Amino acid sequence: MHGVVVVLVASVVIFGSLFLAPGSPITALTAGRPVDAHTRALLEARYDLNAPFVVQYVHWLGHAVRGDFGTSYVESESVTAVMAPRIATTLILVTMCSLLVIVAGMLSGAVAALKRGPIGTAIVVAEAIGLGVPTFVASLLLIAIFSVQLHWFPVFGSGSGFIDEVWHLTLPSVALALGSVAYIGRLTQASVEGELRKEHVTTATARGLPRGRVIRRHVLRNAAIPVTTASGIVIAYLVVGAAVVETAFSLNGLGSLLVSSIAQDDFPVIQAVSLVAVLAFVVIGFVVDVICARLDPRITLE
Amino acid sequence: MNLLLEAQGLGVEVLVENALRPVLRDISFGVANGEAVAVVGESGSGKSMTARAIGRLLPPGARVTGQVSFLGESVLEMSADALRTYRTNGIGMIFQDPRASINPVLPVGDFLTEALTTMRGIGRQEARQRVVRLLDDVGVSRPEARLRQFPHELSGGLLQRVMIAAVLAMEPKLILADEPTTALDVTTQSDVMSILDEARRDRGMGLILITHDLELAAAVCDRTLVMYGGRIMEDQASSRLHDAPLHPYTAALLASRPSLTRQPGYLDAIPGRPLSAVEAPEGCPFADRCALAMPKCTDRPPVLREFRGGRTSCIRAETLAPSLARAQEAS
Amino acid sequence: MSALGIRAGYRRRVRFRGANNLVLVLCGVVLAAIAVCVVLGSVIAPQDPNAVNLQIALQGPSLAHLFGTDATGRDIFSRVLAGARPSILGPILIAVGATGLGTLIGVAAAWKRGVSDALLSRGMEILFAFPGLLMAMMAVAILGRGLTAPVVALTIANTPWVARIIRSVALRERSLPYVAALTVQGFSGFTICVRHVLPNISRTIWAQLALTFTYGMTDLLAINFLGLGVQPPTPDWGVLVNEGQDSILQGAPWETLFASVFIVLTIVAATALSARLGEEQTSVRGRA
């Protein structure tokens, strides 16, 4: 399957690129301090740094498939242990954000297409602004307005307990969702407008079917198909965008882990998180393909 | 006589690049109960727009003048509820491209039963049974299986039969068929057309057939209207139209058909190209292509008037009638 | 020139309508102003962008300091102006690189078709699996912080998007009769592509350039914001937004605010420009 190939190639690239990075992992491990030959040999043996590339790659992949990504250079505990507590935060964040994107995006786009006039124009303008504001800008502006000025939301951290966590993650979700909501909104609007002009909609109207039914069953349902495809890709990109938001809001998630591990040259962690990101991508893409095939009988799954 | 459908002085202007342009001018005709009328014309003549106007399916921003009445009630002024009743029980429309007219993501059965279940409140089981019977009537094999199939799995001819079945299901009084067979291959064309003709005769439904094919019009319809440049040029019984056309345009159309028996040196094509209503001048729209035109033809707009059992808008009809008829005899 | 005297570049004429013209002019003005800042930023800045003065730290806008001062007393207005160059140059490089490569690949794939096309398309598809930001981050992990790594990575990441659009536009162009006519006359594929097809799809190319610029800018400034790209004290706008984060908590959002305004203005102007120029393409990109 196409997805598997992508993940495999990605894993090679991920592993290989860090392998080729200038500066030996030893330097990272020892934080640049000079080290005697004995310690060096020990480190090399421990992290298996002397074997040829292919061996190291297979070794790594074999372990990775079983969930063992090795040991973090920085934390000196297993990568999995470093990642585990952070997964929940990122998961909740991305889920909240995805819901927001799908609901708000499709709703605003459909409304803009069906109701011309002031509401429609307002939505279009809002979309243009939303598209122009990068996530990190949105994050800080939201903090400035809603946290510092209005005190509606906490500034930092992920909170404890589910409800508290959701409250903490609201502002980050909105910041992450902004650009995508605007994008999906515009796409939905274009799709609905295009569908409204189609011949089969005229036929349905000509048969005397009530307008509400025509809109629901023939316009919106059909227009949703290309939007669903795009939503999948957008959500997949959210996974990466989470890195920015988590950093801005000081959240302990996988994204901020990625950023900090890059800053500290913690290769095993970088590899693990990158691989997880690509995996999430492919899985989301697959799920979207399945949903689309259900919606549109003209599409066949390979 | 109480007419089923009547158009009086119907005029339509549509928005083209922010300006209103005329596509139909002064269209007046009537269809009696159970009568079949053909509307013939080249592209740009306004024949499709006439069908849309009757169904009140004009593009947004279009301006309509004149009257269209169905069983005495004005279509153009109907309320939304009355309009829906009109579209379900009064008329049934068949469009040119069945593939574009049916929702591609829903099964064919859905399409067929939708109007029955929604508008007539018939249960799904009963609706399916009725529809299966209709599919059988129009010659669709394995009708039950078809219900579950999707439009892209059916051929064009099959889909058009599905459309006909869907229209028949609602039992309208008048069927509007806009070039129903143009998108099909020739052999399928005659099949589908004969099915449509037979079905509507059996049920006593009226028919307005929009087509560019004069032969087809004559074969199926009692009367033929000839349109050009957004106006009606001639309105006559189909059989008489072929023998004695009342308008030079009709005569030219008839003459330009390749004949199966004669072998002419050149095809008698009409010089120039067909004009749409937008491009047509104030006088007779056919004047600049007409071999028999005189200066007075372009002076004022043509008026459709009774003449020899039909109607014509040619200002020279009296003078030209004998020669037009004689030309037909010769071919 | 052929024996028939056919001129190079069958151009199709483009008409701009009134309202579009106004928006185009507005975008042009904004972008021209930004361009001035890029070229002359440090020169026209009223004060030294790096001059520290703790006594006037965190002041709001005033006549002396149009945008106020930051946590170490530096004039924000000067920093924003000086920051134009690092903030814009990188994205321009990305845009030019990705558009150039993408056009090359897209036209080659469209022209050759068959195996070459399949190979190129598959290659591009694999790249699609990597969002630009992720690639940039990994590039920084490998090559270290600074501008080089993210710019190279973002150029590579944006290339497949451009390539896909250019390919579909070029395919459409290729199917037009004039291309067949030129081929029959014996012109080489290269000549036809360069002298005839390219000029006719130039509007799309320009649109992609502007669009890629906005995506490159968004991603690159995000990298800078994360501290993985340009390092302080360079007043890159992404860095400014980051630096201003602490100031916000102390009630002085000016640094972040004004840097953000400039970022948004540039992106919106470039996006509007690209929309006016090219056909509306539904290309999906990640936002970060």
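The chains carry the letters A, B and C, assigned in the order they are written, with residues numbered from 1 in each.
Simple rule for what comes next: a contact is a pair of C-beta atoms (placed from the backbone, for glycine too) under 8 Å apart; a residue touches a chain by one contact, two chains touch by 3 or more.
Computed from a prediction, not measured in an experiment: that's the story for all the values here.
Chain contacts here run in a simple line, from one end chain through to the other with no loop closing.
Farthest chain from subunit C, judged by C-alpha centroids: B. The interface carrying the most C-beta pairs in contact is the one between chains A-C.
With centres set at the average Cα position, the gap from subunit B to subunit C is 54 Å. Put simply, the C-alpha centre of subunit A and that of subunit C have 22 angstrom between them.
Shown for subunit C are the residues in touch with two or more other chains, of which there are none. Listed in rising order, the residues of subunit A touching subunit C in the complex are 5-6, 9-10, 14, 17-18, 20-22, 128-129, 131-137, 140-141, 143-144, 148, 155, 179-180, 183, 187, 190, 226, 230, 233-234, 236-237, 240-241, 243-244, 247-248, 258-259, 262-263, 265, 267, 270, 274, 277-278, 281-282. Interface residues of subunit C facing subunit A in the complex, by the touch rule stated above, are 125-126, 129-131, 133-134, 137-138, 140-144, 214, 217-218, 221-222, 225-228, 238, 241-242, 244-245, 248-249, 251, 253, 256-257, 260, 263-264, 267-268, 271-272, 280, 282, 284-288. In the complex of the two chains, the subunit B residues touching subunit A come out as 55, 57, 83-88, 92-93, 95, 97, 100-107, 114-115, 118-119, 150, 152, 166, 170. Listing the residues of subunit A that touch subunit B in their complex gives 198-200, 202-210, 213, 217-218, 221-222, 225, 295-298.
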